[in-house]
Amino acid sequence: MKLTKLLAGTAISLAIGLGAVSANAKELTVVSWGGAYTKSQVEAYHKPFIAKTGAKINSEDYNGGIAEIKAQVEAGNVTWDIVDVELSDAIRACDEGLLETIDHSTLPAGADGTPATEDFIEGTLYDCAVANIVWSTIFAYDSSKIADGPKTMADFFDLEKFPGKRGLRKGPKVNLEFALIADGVPAADVYKVLETDEGVDRAFKKLDSIKDSVVWWEAGAQPPQLLADGEVALTTAYNGRIFNAVAGEGKPFEIVWDGQVWDLDLWVIPKGAKNKETALEFLKFSTATEQLAKQASWISYGPARKSSAPMVGKYHNADIDMGPQMPTAPNNLTNAVQNNFEFWADNSDQLTERFNAWLAN
Amino acid sequence: MTDATAPQSGEMLVAYDGTPLKQQLAKTTRRLRFNAFMLTLPLVAFLMVAFVLPIGDMLVRSFYNPTGSAVVPNFAEVIKDWDGESDFPPEEVFKVFVEDLALARKNREVGKTVGNLATRVNYEIPGSRSLFTKTARRVGKIEEGPYKEALFEIDKKWDNPALWKTLKRVTQDYTISFYLAATDRKFDDNGSIVQADELYRIYLPILWKTIWLSGLITFLCFIIAYPVSYLLSTLPMRTSNLLMILVLLPFWTSLLVRTSAWIAMLQKEGIINNILVYLGFIGDEHRIQMIYNATGTVISMVHILLPFMILPLYSVMKTIPPSYMRAAKSMGASNFLAFRRVYFPQTIPGIAAGTLLVFILAIGYYITPALVGGNDGLLISNLIANHIQKTLNWSLGAALGAILLAVVLAMYWIYNKLVGVDNLKFG
Amino acid sequence: MTITEKIKAPGFAALVIATLIFAAFTQSGAGTVGFFIIFGIPYFAMNPLPAYASTGEKIGKYAFLAVCTVIFIFLILPILVIIPLSFNAEPYFSFTEGMMALDPDAYSFRWYADIFLFGMAAPDATEGWWTDMWNNATWIRAFRNSFFLAIVSTLLATCLGTLAALGLSRPEMPYRTLITSLLISPMIVPLVITATGMFFFYGGTLKGVIPFYPDGLAKTYLGLVLAHATLGVPFVIITVTATLSGFDRSLIRASQGLGANNTTTFFKVIMPLILPGMISGALFAFITSLDEVVAVIFMADVDQRTIPRQMFSGLREQISPTILAVATILVLMSIALLTTVELLRRRSERLRGMSPG
């Protein structure tokens, strides 16, 4: 019996020793997209916030979507305090009552004294969400492997001119827009065409033409990796990730801005967040003029405040002007689409289903 | 004269306390049965709460979805009386709808928001979500009737009889919609059941593919396991025990470890491709895509499930005396004939046990296909997980789960009948 | 035949010639060695057939052994291959040129160091390094979670499972097949279904039902323990029932006849005999919990992530050889557990007077 007692005793004491991690007083769980993007937020938001308030920040990564927020809110056990989401997800989560509403009048005024409601670029403030940056999905290639690189979205779909695998985000969003632009639809009409069944068919048909050469990615950190490993010749990616691979790691990547689909990232606070007050404090702090401008020196995403724009300078450790690297730089906007959140809120269920059926066959 | 102790006809045997022995025996048996049962009771009760009820919960959610009636409770009540014959329900119903919508918009209660209703209707009529959320924002301004016209004015999409028929359907708590969706069917505008558009059919094809791939994996496992089990069962104990470790080690190694190992083996820059290139069988430019597709799923799953085939085969083969084969051969049977007529039939119980077990385990696999399946190596479990975790169409996930569960339980029943659940063994 | 005789036999000459042909064809040293090993093992493993065996039979036997060798390699190679790969100095899942040339610089312990360092707040700090590592390093936290869950759920599954197995093995057990089927079913029902049901039930339906857990059991250690104990139960039942099947029930009657009560009988007679089976069952339950990832994906909070959960997201998102370093540790652990189970099985068979095997 000694053996049993010994075993059980060891097991129990081990279990207690390994037990759960204790909680701190002022804690905040900030959830974002990981990799270079989270890094930029840590530098521009987290570190100064910790220095100012002494709070402890747990940084977590996710791949977007509102599933986790919904699960937490509906279970009444909300462990995420503030989350960086895409616009269509913010709208849907807000509609479903999963988010705290945010009073815009409490947001800090711009550095020049403009009230927040006027300082934020139009269409970046919502009932439950406050935008921090403008980002974009573009496509990129390795200029050391392709000398005379692609110039237009049509080139991305041209397997003869530019042979090799293509990297695309797994899902219909953005890919359908890209397909239509490549098929000759003007950027301004993309969603008008997508609203029709024929338009959707047309987009899928265009995707069909490269389907066998596609490598699908899910996390934002993957595309630069795919390019670096030579797994793909061209890949769609978030522009900041490619920029950071170039500026930070000296990779010879080139961004093609033609046909870019830009979108917002917004802060939201899940309803019933355990540290709601701290989260709100963090939200106000991080969307202030200075912080947004500072973030732009870490990654090439455009600040959502007008007053931040003049303060945007160079990349933090290289002599690169950040202005022209932003999705909102005039040169990059010549043929660009703003992601239509309403279209995707309406149609993403159905189009995702069709996309999955298309993938599986 | 009769023996005094022998029972006499008509007289019952009695125990020491005078009760009939038969009764006493029955009592004892009952007590023993009860005692045995009581030993299992804690575990049975535990599994009931921790395992059976959760699965029951999932089954209930596959046909019970009260979203509609939670968001617009009064509307759900009054629309029941509408027979659906006319194009639109009576004005009274519109009034209640507008009031309910305004109230839901005001309360923003988790699980009872206009967004929830919009999501639910969007499953049935794709593209209608924003109609609800947009309308809800303006509905508070409607102060008096006619409510029907007021709604049509906010958005003319409301002027659609099919929409109101759908609303009647989705505000009923019990529904078969999700089972229809899970079998690539749907309600059309008139409320009759039709097949989904071909471009949107995904679940049945994936279910068939799952069954087909599981069958293939089972067959490959069988082909590979049979000779190895035979070898193990005929070798001397010491050697076979040693070789058995090669079978048991993968069995004891984490699934994730084995999956990572296969990624290292099969990827483009992986070991197998490297060897093939090195040996000059393929050019460096023509490395074979063996992973992130169905091939990768099949290869890794065969490796992972192989021990479940080898172990039952081995335990059956070990009991077959080698003298049977010798006897058959000495009577003139060729090797092949002796194998086919004497040896093989005796291994059938092991084959049944192994194939059924492997098939049952393969059909519900999730992790390996999720990691190495790419797009065409995904199985039905991956779709279920996708609906639970990503699209959040929980009812559809539950309906797909129910269908998969039915298939698995049917196989389990066959296994019980053919093999007997008591015969499961490891190592 | 001894090895010397084998080498002198004509079969060996055939093997050498085949290897030479292969070498000439592929022109590669390592490939030739591999060829020689694969086809040499069955040759040396083959027992001499009786003199009357025809050449056809000999070739058949040889081919059979060759096939088996290939299958054993298929079984074990993927597991062994990750061990050297985990010492890769480069962040790839494949052998580099340097590794093939056995260049010491191509090997490193960096991925093992990464297990401790990744996720730490200040990996370079000297003060508070250990606390930081213990509390913040991602993989260390995963190890802690995994072992905590595995130990607690194993204790639960083993206690309940052994008790039930005792009941099931009694001849008087009513509805035996039905109840056994129920108790085994957590192994049969696809994990996705179990996890989905638990996700709904623990998180939603149980909300406000359980004292101390007003929010239900989603994202709690208790919920995960229940899930893992459930999944471990079938293994305990199967192993303990197997041990009990060879159990001589007259020992119980003897003990009772000598005046021992039920408790004494259990602890003094039954328990020592079934202990090896119990421990094997417990180890099975332990490894099941340690390996389980689906329930964790569905129900666990981020700071409840376990080793396999961490590996899962690693493999999906950013493949790094740290995963292989962790995998190597897990393989070593499996070897230890497997050895224990084997020793226990032999001990149990010896105790019950069965032939060692």
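The chains carry the letters A, B and C, assigned in the order they are written, with residues numbered from 1 in each.
The working rule: contacts are C-beta pairs under 8 Å (C-beta built on N, C-alpha and C of every residue); 3 or more make two chains touch, one makes a residue touch a chain.
It should be emphasised that the depicted structure is a prediction, and the values quoted were computed from it without experimental measurement.
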item: Arrangement of touching chains [line / ring / star / complete / other]; value: complete
item: Contact-richer chain pair (by C-beta pairs counted) among A-B and B-C; value: B-C
item: Core chain by centroid distance, with centroids computed from Cα atoms only; value: B
item: Averaged-CA centre spacing for the pair chain C and chain A, given as whole angstrom; value: 39
item: Separation of mean Cα positions, chain B and chain A [Å, integer]; value: 34
item: Cα-centroid distance, chain B relative to chain C, in whole angstrom; value: 24
item: Overlap residues in chain C, where contacts from two or more other chains coincide; value: 199, 204, 316
item: Overlap residues in chain B, where contacts from two or more other chains coincide; value: 269, 389
item: Shared-contact residues (touching 2 or more other chains) in chain A; value: 74
item: Of chain B, residues touching chain A in the complex; value: 108-116, 118-119, 122-123, 126-130, 133, 199-202, 205-206, 209, 268-269, 292, 374-376, 378, 383, 386, 389-393
item: Touch list for chain C against partner chain A, complex; value: 135, 141, 144-145, 147-148, 151-152, 154-155, 199, 203-204, 207, 214-216, 218-219, 221, 267, 271, 275, 279, 301-303, 316-318
item: Complex contacts: residues of chain A adjacent to chain B; value: 65-67, 70, 73-74, 91-92, 94-98, 204, 215-216, 229, 231, 271, 342, 345-347, 349-350, 352-354, 356-361
item: In the complex with chain B, residue positions of chain C that touch it; value: 26-28, 30-31, 57, 60, 64-65, 67-68, 71-72, 74-79, 81-82, 85, 92-95, 160-161, 163-164, 166-168, 170, 172-175, 177, 179-186, 188-194, 196-202, 204-205, 226-227, 229-230, 233, 235, 238-239, 241-242, 280, 284, 287, 290-291, 293-294, 297-298, 307-308, 311-312, 315-316, 319, 323-324, 327, 330-331, 334-335, 337-338, 341-342, 345, 356-357
item: Complex contacts: residues of chain A adjacent to chain C; value: 1, 3-4, 7-8, 11-12, 14-15, 18-21, 34, 58, 60, 63, 71-72, 74-77, 79, 218-219, 221-222, 225
